[in-house]
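Once you scroll down, you'll see the structures, which are given as structure tokens.
Both complexes below contain subunit A, partnered by subunit B and then by subunit C.
For the complex of A and B:
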């Protein structure tokens, strides 16, 4: 709830977009609840959340398709609630692209220029230049259905950017692409965005996309802001249990706070890292997050790992999922009340012999156990 | 013979029977129209164009043809805005009772044509517009409108639901977006529906029978009046003219929905 409670910036003019206490309910159920944040000029913000988190509703309120039930939106410091979408300086890439099917690629890109009163003489030049930026030079005469999925994506991006709007909104446009193309387009869009320096708000449920593309990540759940941070900070210092669980592969272990920054975990005392808040009074129940890649695994009886591990336990492999560059294990740990820990091993070739049923040794460093008060 | 083979034989036999059954009436009437004899027979008795000459010479049939054309154009002109707007409203505006509305729009199909014909006859009589040709076109529009709505709806449903929003973010005001984006995008459906409405109105018989008098008979009614006396080969020739008009409409449809794409790419 960090962002929701944060004080409003003194200099509102510095923010390209400001969302102030915005909320929206559908049939009495709040879809977006008291959301506030700002995006500075030229920055790339991703709104990350599961489906039903309110992220698309929030984006559509910024675009002007949905009127906020409460609060106010500012673009360039101007309140825009009363401004219809076609008067807002916004380019948008839609989930299903919404390209104009009866026009060619070039006509699609020219449309916003014509609507916004650019001189007829300069339109073809701008369109051609924009098509070059998205690497579609020479394909302008093609009709939309004659282009591949990736090329259509590029037309949609060109149409959103061509008139240099103050703000570009992306409504999960990459979700429908296959993985390889999606990852290519993520980098591609990031390149274009930085080249043109356009302020961008992206919506996605794909944590990888959020981490790869953004300057800042706004994590949402059930209509509320859970955290607003850089991708690095959202990953390393999640603000709460939801963020810790949503980004990355995370184990949660129940523990009890002790004196001196230590916790009791399944009957044994151990150290822990820094959570978002100081450890509460001794005796308080905690949820501790432990990233799967921070858990080390080795066959039982082998020499100790090179990294000094603060906690070491015996376990039995339940499942092995080999993913090429890494292996995901599920390990049952008797000492943790038969809890199943997910473990990511980054050097799969070292432990290829591990099969379900194998007895292993697992361990982690104290600082990687992040405590969250309940 | 294995099961798969037997299934193929049955399937293709059914298809063959269907093809013959569908084409037979047309082929028979086509043949009969070229007869050299004086009664309608199949196979034809010799070959001549004399019945066609008679048809084209007949003032009654020619007038009836022009009146049918007139009524069909009125029907098409009325159904394009009515059907297009209704289809867009149903698909895009999410009305309060969509199912009820859909059913209501199906009503013209469930009421027997003789029923709607009499209803329209009384209504038009009350309004004092009977005895003219254009009300026949209007009546055809009313009873066949569901076809127009369906044709346009099929086009609308294929559109991206965010199409108008996309136009808005491009800077187009709602009315402008409607004329530059929505309408052109559903044009294939409008053309399909309009040609269908034209052919249906051109063929419409029962309702026209009730709405026309001696001075306003349309072509189908005129043919029917002749049949009541004696069936002569000139009626077969008229039927062939009919088939040609319908064929022309279908060819036009194929051309225009394809052509429309061509026209659009030349724009701006």
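For the complex of A and C:
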């Protein structure tokens, strides 16, 4: 319960959800460990983490299906540990949608209104309006199994939003869709969320989804919060090695801290960017993160890059993966002790093609090398 | 080796030409069709016998057809009482059995404890190994005038109560007998319900009992309809429980059939009662199915997503 006394980053009065030192163990193994954060009204928070990091467990504690082992949850400033799920003002979209197969789309959307005692007369109007918001106008009479996957998704979203809950929880509802539809629904949900201004907590292990949809990203690993930041900050200024490695394609290089904000990397001295903490005393071992898209690549012998690169090395292409809008290279670099660097190239020359075995020049700017003390 | 297979394949092709392929599926139905055929033959024989009157001198059935047996049956008050008792009993047994079986199946499927699940499964199957007749005699021992319950109550200065040879004891025995069938038919239907759907109902504002009424029950309907059909028809046509626990005072239709065949040796009247029972059971099952909708047996798999 130590975390309960810690100062909160956001004004508690404005917080729609506050999670304070919440933890849960299964059989002595912590699934969620001392998690604290707040979500302000109308904001969209994504909980991002690898499989088994405790995302679903955390979400289910907020929904009220699992009782926290420790800590306290507040919704709208009220502690909710004694409030059963059906009395919490929460709309949840489940991973498998959990629509009612014996009801029509409109009846699914009407269900929460009936359960929450809305006047019978106003229910059809609200359902109709909500179906319009999710662009399902006119399909209300269809049975669930008569709708496509994307349309079912919209029904699930409509059902969770129609009674204007304080909070909407999404447990990877888009994970099962094919990529194109998933990306469409991400933008679609974001549009609806902003239109209605509903506070939302989304769970995903898809970093792209987290960056695209959210106001804030909460990165979790092994039950613990690794970072809570805007998508931009989570990407540009990762709080630790885990976050740096989980978001984006990242190389890690071992280095040693020197005086004056410089590091020694494979025997050569070079500059580096700002890490989450000031550079430690000279001699300390560091892990430096270098994003694949921050490494420039060019065939050996071509003219110098227009951008001034602080470090330039020779390398040999090992692998080429053409991904359409970009090409991912794996480059062996002799000067880095034969380390293999992953490099993403988005420039048009990429399509000219560097074959495995080609000798290349690679380089990066000092500020893109982010040091993390071990 | 390959040669042999090739030979077998060509042999198969000659003996069982491609064109016959589409009958393959039908071929698997043959045993079932045979069984039904035998049943229909038996029914036809009984229908024939039911139209012949017993000559009480020679104990032979008449040569000519007559509706006399059915007329006697319609005018026989006892027959109507027995039919009414059977139908009412079957209905009550069905309702009570389903009411008990559904929670049982639900807990068995949904419990998080593997231990409890096993216990429930074993206690479900154990009575199967014992058989209906032995179980009925077991109840006689437990509920009889000198039975365990009355001895216990006697020790407390109460009773003795008459608990066997009553309508209640017959129904009690039937419910106990039907429970495993009902649970086994309902359990798969409950298993097919995605637990998340129930959780969803809760987040949408439904307390547990509304979730039960509005979501769980409708989704388990295929299992409930199947269980209702089986329990109702089995109870309606039951023989052993009324004999043993009713002791001749609470006969069902099947007991009447038995009496006619083997007590009065009137196979004509016995057949008439039997045909009447088949007709009544078919009619009631038909009404039940139409009322609940045959589609709800889940054959069309519309509950799937």
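Just so we're on the same page, the second predicted complex is superposed on the first by the 360 of 374 C-alpha atoms of A that agree within 3 Å, B and C clash if a C-alpha of one lies under 4 Å from a C-alpha of the other, contacts with A are read in each partner's own complex, and residues count from 1 in each chain.
Rule of thumb we're sticking to: a residue touches a chain if its C-beta (ideal position, glycine included) is under 8 Å from a C-beta of that chain, and two chains touch if they have at least 3 such contacts.
Keep in mind that what you see is a predicted model, and the values were worked out from it rather than measured.
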| query | Mind checking subunit B and subunit C on superposed subunit A, clash or fit? | reply | clash
| task | Report for A:104: first if it touches subunit B alone, second if subunit C alone, otherwise both or neither. | result | first
| So, A:115: does it touch subunit B (first), subunit C (second), both, or neither? | both
| query | Thinking of the overlay built on chain A, is A:34 touched by subunit B (first), by subunit C (second), by both, or by neither? | reply | neither
| So, does A:144 touch the first partner subunit B, the second partner subunit C, both, or neither? | second
| query | For A:63, is the partner it touches subunit B (first), subunit C (second), both, or none of the two (neither)? | reply | both
| Should A:92 be classified as contacting the first partner (subunit B), the second (subunit C), both, or neither? | both
| subunit B/subunit C common contact set on subunit A | 63-65, 84-86, 88, 90-92, 94-102, 111-112, 115-116, 143, 159-160, 163, 169
| note | In the complex, the residues of subunit A that touch subunit B are 63-65, 84-86, 88, 90-92, 94-104, 107, 110-112, 114-116, 141, 143, 159-160, 163, 169
| field | Residue ranges of subunit B touching subunit A (in the complex, touch as defined) | value | 159-163, 165-174, 176-177, 180-181, 184-185, 187, 260-261, 264-265, 267-268
| remark: As the complex stands, subunit C meets subunit A at residues 194, 196-197, 199-207, 210, 214-215, 218-219, 221, 302-305
| message | Help me check something: in the complex, which residues belonging to subunit A touch subunit C? | response | 63-65, 84-86, 88, 90-92, 94-102, 111-112, 115-116, 143-145, 152, 159-160, 163, 169
